[in-house]
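Labels run A, B, C, D and E following the written order; every chain starts at residue 1.
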Amino acid sequence: MDFQERVKACVGDDLVSMTEFRGDVSVTVPRTRIVQVLTRLKEAEGLKFDFLSDLFGVDNSALGKGKKKGKKEDEEAPAAPKPPRYEVVYLLLSIEYNHRLMVKVQVEEGQMEVPTVTSIWKAANWPEREVFDMFGIRFKGHPNMKRLLMWDGFPAHPLRKDYPLEGEGEERRLVYGDA
Amino acid sequence: MGFQAYVGQGWVLSKLEQLINWGRSRSPWPLPYGTACCGIEMMAALASGYDMARFGAERPSFSPRQADVLIEAGTITKKMVPVLRRIYDQMAEPKWVIAMGACACSGGVFRTYSTLQGIDQVIPVDVYVPGCPPRPEGLIYALLQLMEKIKQDHPLYPQLAELKKGV
Amino acid sequence: MARPVVEKKYSFTERIYLYEIVKGLGLTWKHFVKNFTASLKRGPHTVPTCWQYPEDRREISPIFRGEHLLLLDEQGREKCVGCGMCARACPAKCITVKRGKVAEGEESRYAGKTYCEEFQIDLLRCIFCGFCEEACPKGAIALGKGYELARYTPGECQLTKEKMLANYRREKELGILKPPRKPVPVAGAAKEAAAKAKGADEGKAKD
Amino acid sequence: MSRQLDAQAGHGTGDFVTINIGPSHPAMHGTLRVVALTDGETIVEADPEIGYLHRGVEKLAENLTYHQFIPITDRLNYCSAITNNVAYEMAVEKLMGIEIPDKAKVIRSIMMELARISDHIVCVGILGVDLGAFTPFFYLFIQREELYEIFEWYNGARLTNTFGRIGGVEADLPEDFEERWRRLVPNLRKAIDETDKLLTHNRIWMDRTIGVTAFSAEDALNWGFTGPCLRACGVKRDLRKDEPYYLYDQLSFEVPVGKHGDVFDRYMVRMIEMEESIKLVDQLLKIYKEFGPDDPLMAKVPKVLKGPEGEVYAAIESPNGELGFYVKGDGSDKPYRVKIRPPCYMVYQAFPELVKGEMVADLIACLSSLNIIAGELDR
Amino acid sequence: MNDWVIALIKVVFIWTWTLIIATIMTWVERRGSAMIQDRLGPNRAGPFGLFQPLADGIKLFTKEDIIPEKAHKILFNLGPILFALPAFSAYAVVPFGDKIVIGGKEILLQVADVNVGFLYIVAVGSMAVYGIVVGGWGSNNKYSILGGLRSTAQLISYEVPWGIVLLTTVMVYGTFSLREISLAQQGTFLGFLPNWGIFKQPLGFILFIVTAYAEANRVPFDLPEAESEIVAGYHTEYGSMRLGLYLFGEYVNMYTLAALMVTLFFGAWHLPYVDMSKFLSPFAYGIASFLVFFAKVAFFLWLFVWVRWTVPRFRYDQVMGLGWKALIPLALANLFITALVVQLTV
């Protein structure tokens, strides 16, 4: 597929892995190189990914659990290197050529910091705040790094897999005069 | 004075009471607190298809001072709770609340961390309207139920009203 | 960030306000006259576009998803066997079913060997999506036509077994029961029959 | 957020007033809040706060099966529930590699175009109400009642019609669908024409909307605009034309494009799109007639749907713009992660840019012209 | 029955008459707007919903009376009174009929035939501004202050063209007293036209009707209580009967302005070509003149409602722009032309 080759050429040595599933190409890129890769993808004349369709996080900690039941699966899991827990996915779209690309960045539990891409697209402002709100991944250089959907005093990050659906009973304080 | 003193309502006062109740039930100005899908169905009820204005609810007033009935249509999230509580407190006294839709009555299908499971945890509710969203006829039926409730109210006998509320 | 500056161009009739306003007034006058004459007629449904709810009820669709019914089969026996499939299929998890064994004396009242001792739907949670009706293997539950559900307390909004049976009987008399659902033609059916007819064992559908 | 604005007002030149156009405000669609720092009537800085209708839909999706999540997608963009259902089903079908029969594609396209008309009706109606013209809202809403009737006769619910199943459509079009649609079209065209006559050439309306919160094309693209708001800025971008799905490549319709991206262009784009959708439904009904009554409506789908491992993104042209569903399966019967790409989310981000320097009345006009639906915005 | 008793009866009659008109106007507004919008409007309270204003009145009367804690008590109470009082009192000089003879006594159908009727009306008309501003400022609510600000700017800047147009009509009729103006509109003008003000002052009439809408805060000039922008404008914090006073004041204001329009431009109680006083008995003539006058006023009241549900709302700076850049130059031009014409013809 020459599209995949062109993408591979453009991303160059920053490419960690590239998969294709049901026609959607997704590229994984190291965490620190994301801004450079995205600017290259934006300017590459053959690709022209100039439209950020979406930006969101995925918590991969419970990925394997659902599939196979039974004892055998547990011993084998710790043997393999534990995959990084979080993943920030950038959905890119090219207005002229109408093709889409998923650029993924793995984020370890330790350093939850990803450089911001608001310098490239202003559209990334709120989605990054939402990823911080929902997963706790901070974005270095973001103009207004605060919670977006939950109220400021909310203690947890709800979309993490270990957070229960019904929540842990956080209530927003009912005091007058609070803005 | 004990409760017996009020058992026999004077003819004059009870007539005045009925007049006041008639006035209040005939012009329930709604505060359309439409947050989600039920808000759109409430608009359909206020629009010309079902025309809630036939019952005197023609002037939706968004300022709580002028509203009588708080029609809470849609999901209330925990972030919205202080806002809802403050608006309810600002409303002038003879005020009623219609909880429209499953989300308002009990949190509906959203048993999640951020949804308030039913607004009766925050404000007293007079009429619950199941449905997701309930048909505009369902909302008007709730308004009729509310009118029945207003008719049995006792504006001039506060103790009797408390006793009745207790029963 | 240069904002495009927009210069407004008006035709003469647009420049003076009154021409367009008078044209608008003419239009609203037509509506007013049409409705005013209509509203003078007797009878509940006077203005054509306005259904005066309590007196003049609008015709609702035969497959409207309203208050639930618990169906009886022709011999008047309860179809529900209390299997709880509907409770599992419900996105809002608002159905609670308690299964009980049919005692010897009551075969005539229940279709299956087991029946639902207790069947409760929390109408305040229910979103009337109709998945319980689709998931029921025995076709024992259906969504009826009731939409006047407003009550004063949450307790009255719980739908118990008796209420659902009463709903069913009421709708049966009114004759507004829902027509039985037509099975949806599935794509592979034709090829499926051909494969079975040929007795091909490695048929792709292994389910 | 609002504290920082207050501080500015306090220590600033002191003549700024912080107006809190709060969640319960006639023009705030129920759950949006804008803290506007105004100098007299003109807005120095607006800071929208969202999340008042964040119901945790994506977390809920991880605890419901693929099939059970369909009714929840109605509650996202509740003005046009059908488009969300179809978008979600399309994503899941792409994940599971299911190809739906052609007749189901036609029915889905018809229903989506009807939903587009009903969504634009609400948007244009509310835009009129927010600018003081109450009557067009009522004329248009009667037509929406007729559309409710069509939806109700099809699957039993007026607004939250859990349309379609994964793998196809749950029922065929009712017999009297054609006849209902023929009865609706003249009234719909008359209502649109009346709104046009009442508003479009009225100088008060033109003054209130032309040049108000105009936006340039490259800014719109940079902010991630899609749908009518992007087309109003002059970019001819419509997923039905650029990434055609279902039968849209066989249908002929034009994509209306504005020039300045102001409130008037957004209003005009939506009015013309309603007209286009009517033509589209007529063409689709002609195609629908070629199918026999017992043509397949559902693909061969196992009773319990198990999503394969892998992630997929599918997007369609919803009335507000590109509505996309990212679905990640992990082999179990519940999706591992569902992310909804709401079109009005990106548009509302640019609200401070759009509104800076405008007046309070323009803030209200701009907000209702963007057609922000809180259910889709906060998910 | 000496004079001051008659005057008292006239005052009581006018007071109750304006109140009745105001209540009927709320009903007309609701039913009229419903009819325009393809719906029905209130029809539950009494036949055709006629008791709806009564029900609203009772409900407003028995509602809890909230005075916001940080509101300025005196100003908060003063607001509605200052708004409603000028509206009622402006009606003292407007004639509502010609003469009526009861029991041999000739009574003027006008509360007070003041020969400076105009100045009184202009003065009282501008008092209404205080009601809104004081109410807006007193209720210590950002929306109310915004509403109050907008109403001051709008009412003051529309008083100028209003005054100029009134000036031109005075120039045409040569008198300030409304009674003489009404009498002067008898007979025909240029042969075939009735001798009404509108044919002498067509541009004056258009300007007057536009400024009257601004005075009464009706759409498209209803910025002080713009429903969708500043919640309920100056009366956001007002609850029960005070709100009733504001709403009443608005309708009575509309009634006064409609009566003024009819008196100045539409030949107060004269039918176009027929002179009723000739063939009707004095008593019947009095009644007939009152009915004709009221019929014309009713049309203009309906026009207020009719325009409200057809036209969108201005923006704040457009209202100012229209007022200063369009209406005042037109009014001045109208003034000079009339002056020229009056000078040449007399």
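For this structure, a couple of remarks:
Definition applied: contacts are C-beta pairs under 8 Å (C-beta built on N, C-alpha and C of every residue); 3 or more make two chains touch, one makes a residue touch a chain.
Given the structure is predicted, the values throughout are model-derived calculations rather than measurements.
Annotation for chain B: without this chain, the others remain one piece by the touch definition. For the pair chain A and chain B, chains touching both partners: D. Of all chains shown, D has the CA centroid lying nearest to the centroid of every protein CA atom. Contact count check for C-D and D-E (C-beta pairs in contact): higher for C-D. Centroids of chain D and chain E (each the mean of its C-alpha atoms) stand 45 Å apart. Rounded to a whole number, the gap between the C-alpha centres of chain B and chain C is 26 angstrom. For this pair, chain B with chain E, the centres built from the Cα atoms lie 37 Å apart.
Taking each chain's centre as the average of its CA atoms, chain C and chain E sit 52 Å apart. Among the residues of chain D, those in touch with two or more other chains are 20, 25-26, 51, 54, 56, 59-60, 71-72, 135, 138-139, 142, 145, 160, 198, 202, 204, 207, 219, 353, 378. Touching of two or more other chains is recorded for residues 21, 24, 27-28, 31, 49-50, 52, 60, 91, 127-128 of chain C.
Touching of two or more other chains is recorded for residues 47-49, 51, 54, 62, 79, 109, 111-114, 132, 135 of chain B. The full set of touching chain pairs reads A-B, A-D, B-C, B-D, B-E, C-D, C-E, D-E.
Here chain B touches chain A in the complex through residues 78-79, 81-82, 85-86, 111-114, going by the rule given at the top.
Interface of chain E with chain D (complex): residues 33, 36-39, 142-143, 146, 219-220, 222, 226-231, 309-318. Taken in their complex, chain D has these residues touching chain E: 17, 19-20, 25-27, 41, 128-135, 138-139, 142, 198-199, 202, 204-205, 207-208, 359-362, 364. Interface residues of chain D facing chain A in the complex, by the touch rule stated above, are 1-3, 6, 20, 50-51, 54, 56, 58-60, 62-63, 94-95, 97, 219, 221-224, 235, 237, 242-243, 309-313, 315, 322, 324, 326, 328, 330-332, 334, 336-337, 339, 341, 345-346, 349-350, 353, 378-379.
Chain C contributes residues 18, 21, 24-25, 27-29, 31-32, 35-36, 39, 46-47, 49-50, 52 to its touches with chain E in the complex.
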